[in-house]
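Lettered A, B, C and D in written order, each chain numbered from 1.
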Amino acid sequence: MKIGVLTSGGDCPGLNAVIRGAVLKGTEAYDMEFVGIRDGWKGLVEADFFPLTRRDVKGLSKVGGTILGTSRTNPYEGDRGGAENIAKTLYGHKLDGIIAIGGEGTLAAAQRLNNDGIPVLGVPKTIDNDLRATDYSFGFDTAVNIATDAMDRLRTTGDSHQRCMVAEVMGRHVGWIALHSGMAAGAHIICIPEVPLSLEEITEHVLAAAERGRAPLVVVAEGFTLKGQSEAYSDKGLDAFNRPRLGGISEVLAPLIEQATGIETRSTVLGHIQRGGAPSGFDRVLATRLGLHAADAVVDGAWGQMVAMQGTDIVRVPFEEALGELHTVPLSRYEEAAALFG
Amino acid sequence: MKIGVLTSGGDCPGLNAVIRGAVLKGTEAYDMEFVGIRDGWKGLVEADFFPLTRRDVKGLSKVGGTILGTSRTNPYEGDRGGAENIAKTLYGHKLDGIIAIGGEGTLAAAQRLNNDGIPVLGVPKTIDNDLRATDYSFGFDTAVNIATDAMDRLRTTGDSHQRCMVAEVMGRHVGWIALHSGMAAGAHIICIPEVPLSLEEITEHVLAAAERGRAPLVVVAEGFTLKGQSEAYSDKGLDAFNRPRLGGISEVLAPLIEQATGIETRSTVLGHIQRGGAPSGFDRVLATRLGLHAADAVVDGAWGQMVAMQGTDIVRVPFEEALGELHTVPLSRYEEAAALFG
Amino acid sequence: MKIGVLTSGGDCPGLNAVIRGAVLKGTEAYDMEFVGIRDGWKGLVEADFFPLTRRDVKGLSKVGGTILGTSRTNPYEGDRGGAENIAKTLYGHKLDGIIAIGGEGTLAAAQRLNNDGIPVLGVPKTIDNDLRATDYSFGFDTAVNIATDAMDRLRTTGDSHQRCMVAEVMGRHVGWIALHSGMAAGAHIICIPEVPLSLEEITEHVLAAAERGRAPLVVVAEGFTLKGQSEAYSDKGLDAFNRPRLGGISEVLAPLIEQATGIETRSTVLGHIQRGGAPSGFDRVLATRLGLHAADAVVDGAWGQMVAMQGTDIVRVPFEEALGELHTVPLSRYEEAAALFG
Amino acid sequence: MKIGVLTSGGDCPGLNAVIRGAVLKGTEAYDMEFVGIRDGWKGLVEADFFPLTRRDVKGLSKVGGTILGTSRTNPYEGDRGGAENIAKTLYGHKLDGIIAIGGEGTLAAAQRLNNDGIPVLGVPKTIDNDLRATDYSFGFDTAVNIATDAMDRLRTTGDSHQRCMVAEVMGRHVGWIALHSGMAAGAHIICIPEVPLSLEEITEHVLAAAERGRAPLVVVAEGFTLKGQSEAYSDKGLDAFNRPRLGGISEVLAPLIEQATGIETRSTVLGHIQRGGAPSGFDRVLATRLGLHAADAVVDGAWGQMVAMQGTDIVRVPFEEALGELHTVPLSRYEEAAALFG
């Protein structure tokens, strides 16, 4: 068998470990051959391939990013030719199928291609942990560790200056990173997209923490919106002072909190550092296992499915189970954490 | 309600996060009162208590070790008076029950005490991840991260000197830390207690890695025994050169590997650094959640059970489900990893 | 002797290690007594003191921030009473002198107070490394490590997406953090306040790196200004797109680079995480030694001086040698690093 | 000009950064050509060379170990032919000189070769920091950081179990790593080769710390010998219990301390993890600067010298200034630290 591998969407610690796992298992156990597809669907559309051997994946489990490159190209858009073009490419290069590593968008394209006759196996990749049908996805644990470590650092500054620190983490649609890093770092309030809060609800916790002599730590996911008040602003693309909004939500929140509480408040947008660099042990193991099982699934002809983690097992689930609805933070998990806010 | 909390057995990153979680939830949501019990069962036997308030647990989620102290005392041994003595103490101090955070031995004592009428709730603690009925236990993820990071470092020395490096990790009876850190670091062979290997089986992988131009990395759990050959030695408490065995198994293996392969080989025993220091994000969240749910379980009168993680849920399981047999690495998981050895 | 200790200005990893060093040496070797002064000069002006014993400083060498609190209060401003008020306070509390740990502003106030008869010894604190008369100041090494680590992470994202990454680090007036972290992380161009560059000079290096197949890394100190073009903007408080400038210089630079080169460009402002958390080994040793020598200097009556690091020695220098002119990056050091830009 | 580069002796974080610095400066500024020499002097003796271009050194500043490989071969030993053989090789390959990166032994060979007419420039490499004429050498700072981090972890275990922890660090002949990491981690006693201590002197500090409620931390360099008592043992190659000595000095000390104090005591030998992995920011900058200046020195024909760090400057010193006597810890520095032991 000859299989193409691609990574698509935003980069994520663990992508290389998946590639390595699949190539090692495929070549050693099943005598498969692999080609790397450059820059996601783009490389598949343009037949931009290169050989991927055991030698090419050595030492990769600890390396962040993706050696395949990535992009946000959709194979069905524009004059890219969709499934028909890709079918020709597979035939021309004698490829038996594709392992596509990516998130919601990538897997939706994978599903459509698979329905159109292209054999595609999916591997879930979402640093935000927003895919259903997998307990965790690789990259998330690394992001939580980086965010937690950063918050530990912010707290010493907060404590020294008796300031309120606002830390903004990734999570445009779901609040998993904020929830976990906020719990880990001992946040006094966590603001996530799933649970709109008013400024008053936030400042109540800020003031309570300050009264107990603590430097308040506010953790906010980038996709959070303030109940009522800020919707007006964000509708207009304005920040709290009616200026065009450039930075993150934390840069909106910080001055509002300072104004409302009288406590000096500073914001930090953690940004891209959350998604780069060496994966954590957890993510290396998870990603490697997904890669190993992807090779198994390909041999079994399990096209149209993705490998996933449930409990401590790696399982296969049809694309439709994973797609459609995002895996958001359930209210029960938010309320569980809220017991810590004080 | 007034509840005593104790930590018992070896220390483990996350203990303080459990204590904090239970105290915050208990005091805020249920108006419970807590006392800290010093040094495990010893403090319970000797009524060595101190108040544990919200103030005492502040900032604890990131602090390694246990503010309660710990010991390996068994409340039933010697003249400690077993359940009868403890019952008097609880009555005298108006304690309604005990939250006992510990491993196999601690929970076995907890079960026996509970059967003898002492209300005890368990929280599983095992850095080795050797308890059944919980997918993971806190401390394990931190240990894997520390071991993985150490192995990343060892590899650069191995590569520069074309040496074989042997890294010894914790795991007297189970090989989970070795399995996960070895997978994460790209080990060429992983030696765990569950899977005895002969020296030949090990050196085969060492030589294969060297032939591919890699510096071989051997990961070994402290409880591993060499098939055949070394049993003779370890029966006599001798190492490979017939000297009294002082250090770890890696110090036995390294010279044997060097002798058999002709490749210069060095061993490192990671030792106590694996169990100390700040917990990882994963462990802080897991430990905190176990603490929160421990408070809930106490309110529900769920004595004789322990809180546990299954999938992404925190559940309650009776002591008997967790105890008895250790949670060893199943052969399927070892074979899964073996596909990477090459 | 009875000595007050204060920390003033922005917090910095190592402040607590200085305090610990001074208190341990002073109490053990010289039988001195210490009081902590809360929140910098503010606490001195308001006589906000608390006892500072061996017990209070235990375990502090690794703790970021300052247990004394800090502020930016100037003792000569407003109705604070200047030296006269402070002299009364010292007399009233039987304080023989002050150890003031702080930067340019703090030491300038210390100098003036000392000239006005208040015995003050200085300890240099500047995370930016902008003080003369000391080779390094504590906090700087930690900040460089944090920034370097963050840039290592940003690079994997840059490589995966073939993006240009712009990393903004601290340094309002001097570029030491940018210079060192940029050298350490392999930046393709480093932008510092001391060396104005035009957009063309920057993009030349960005394009050269991209042509060699690298993802360009631009490191910029917060105080950098673009030659010509951007001065117009920053004069008006506008960013490159004529919008009010909210974020850092990197948020101005990134779109300009993208526009000029056609390479997708992202910026990250590292912000407050650079100044918090546990100090590096280097900073703990430096800060501890400064603290130890501060106690010696006080005993010797070396008022009006500050302790400093020169080579591997801790020396004493009069305030006037350290103050006045900032310790900027000399052109020779910039040119040395520029050899790496390619 | 065509220059060969070799690394010799034990590996050390920063070696690759030196190589990168020299190659980038040499090729870009001076149009030099470089060849890599494999495995230290061995590769020079055997003419085992490979081209070293800008492309080969990309991304190397953060990579531990050495891409050139290393060994402990002495070019004058056996039938290796000494300077005469090497002169022929240089002539045959049109090499104009050698940059030799190594420690005491390497530089001594370099000096002899240089005296025998082979143009050699030295770059000091000693993780132990034991070379004179340079304030610091790269690798040392990284080792101190790793050791300090490990000790921070050991302390939480010590505190939880009320144990004495003994941490053994590198330093066969000099105690710099022990001194700095011990100061950084707050050791209660530091044992270095330069300052023999009796068991009583050690246990006095252990007991004092325990009495103050602290878990004693003993830091010991591998080359430390116990005054009196243990010399008898180590003469015979025996440990404290008269068994053949296999492990490090900490494994001798720990049971002696436990016996003498009654405090449970555990030892950890940090071993090889201290010398591997990514260099710290400080070491990357230092190593890169040494590499840059090595290229300058070669162009200037400064053979027979080594580049070195003095204060914040990179200077050139003749081999004889660096060699002969080791750079040991002066008593004044030990006494400075001893003020912290309590």
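Simple rule for what comes next: a residue touches a chain if its C-beta (ideal position, glycine included) is under 8 Å from a C-beta of that chain, and two chains touch if they have at least 3 such contacts.
Only a predicted model underlies this, so the values are computations on that prediction, with no experimental measurement involved.
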item: Given subunit A and subunit C, the chains that contact each of them; value: none
item: Most distant chain from subunit D by Cα centroid; value: A
item: Rounded Å distance between subunit B and subunit C, as computed from the means of their C-alpha atoms; value: 41
item: For subunit C paired with subunit D, centre-to-centre distance based on mean C-alpha positions, whole Å; value: 30
item: Junction residues of subunit C - those touching two or more other chains; value: 152
item: Every chain pair meeting the contact rule; value: A-B, A-C, B-D, C-D
item: List of subunit D residues in touch with subunit C within their complex; value: 21, 24-25, 28-29, 54-55, 58-59, 61-62, 135-136, 141, 144-145, 147-148, 152, 155, 180-181, 183-186, 212, 214, 278, 280-282, 284-285, 288-289, 292, 310-312, 336, 339-340, 342
item: Complex contacts: residues of subunit C adjacent to subunit A; value: 7, 10-11, 13, 15, 39, 63-66, 69-71, 146, 149-150, 152-157, 159-162, 165, 239, 243-244, 246-247, 251, 266, 268-273, 275-277
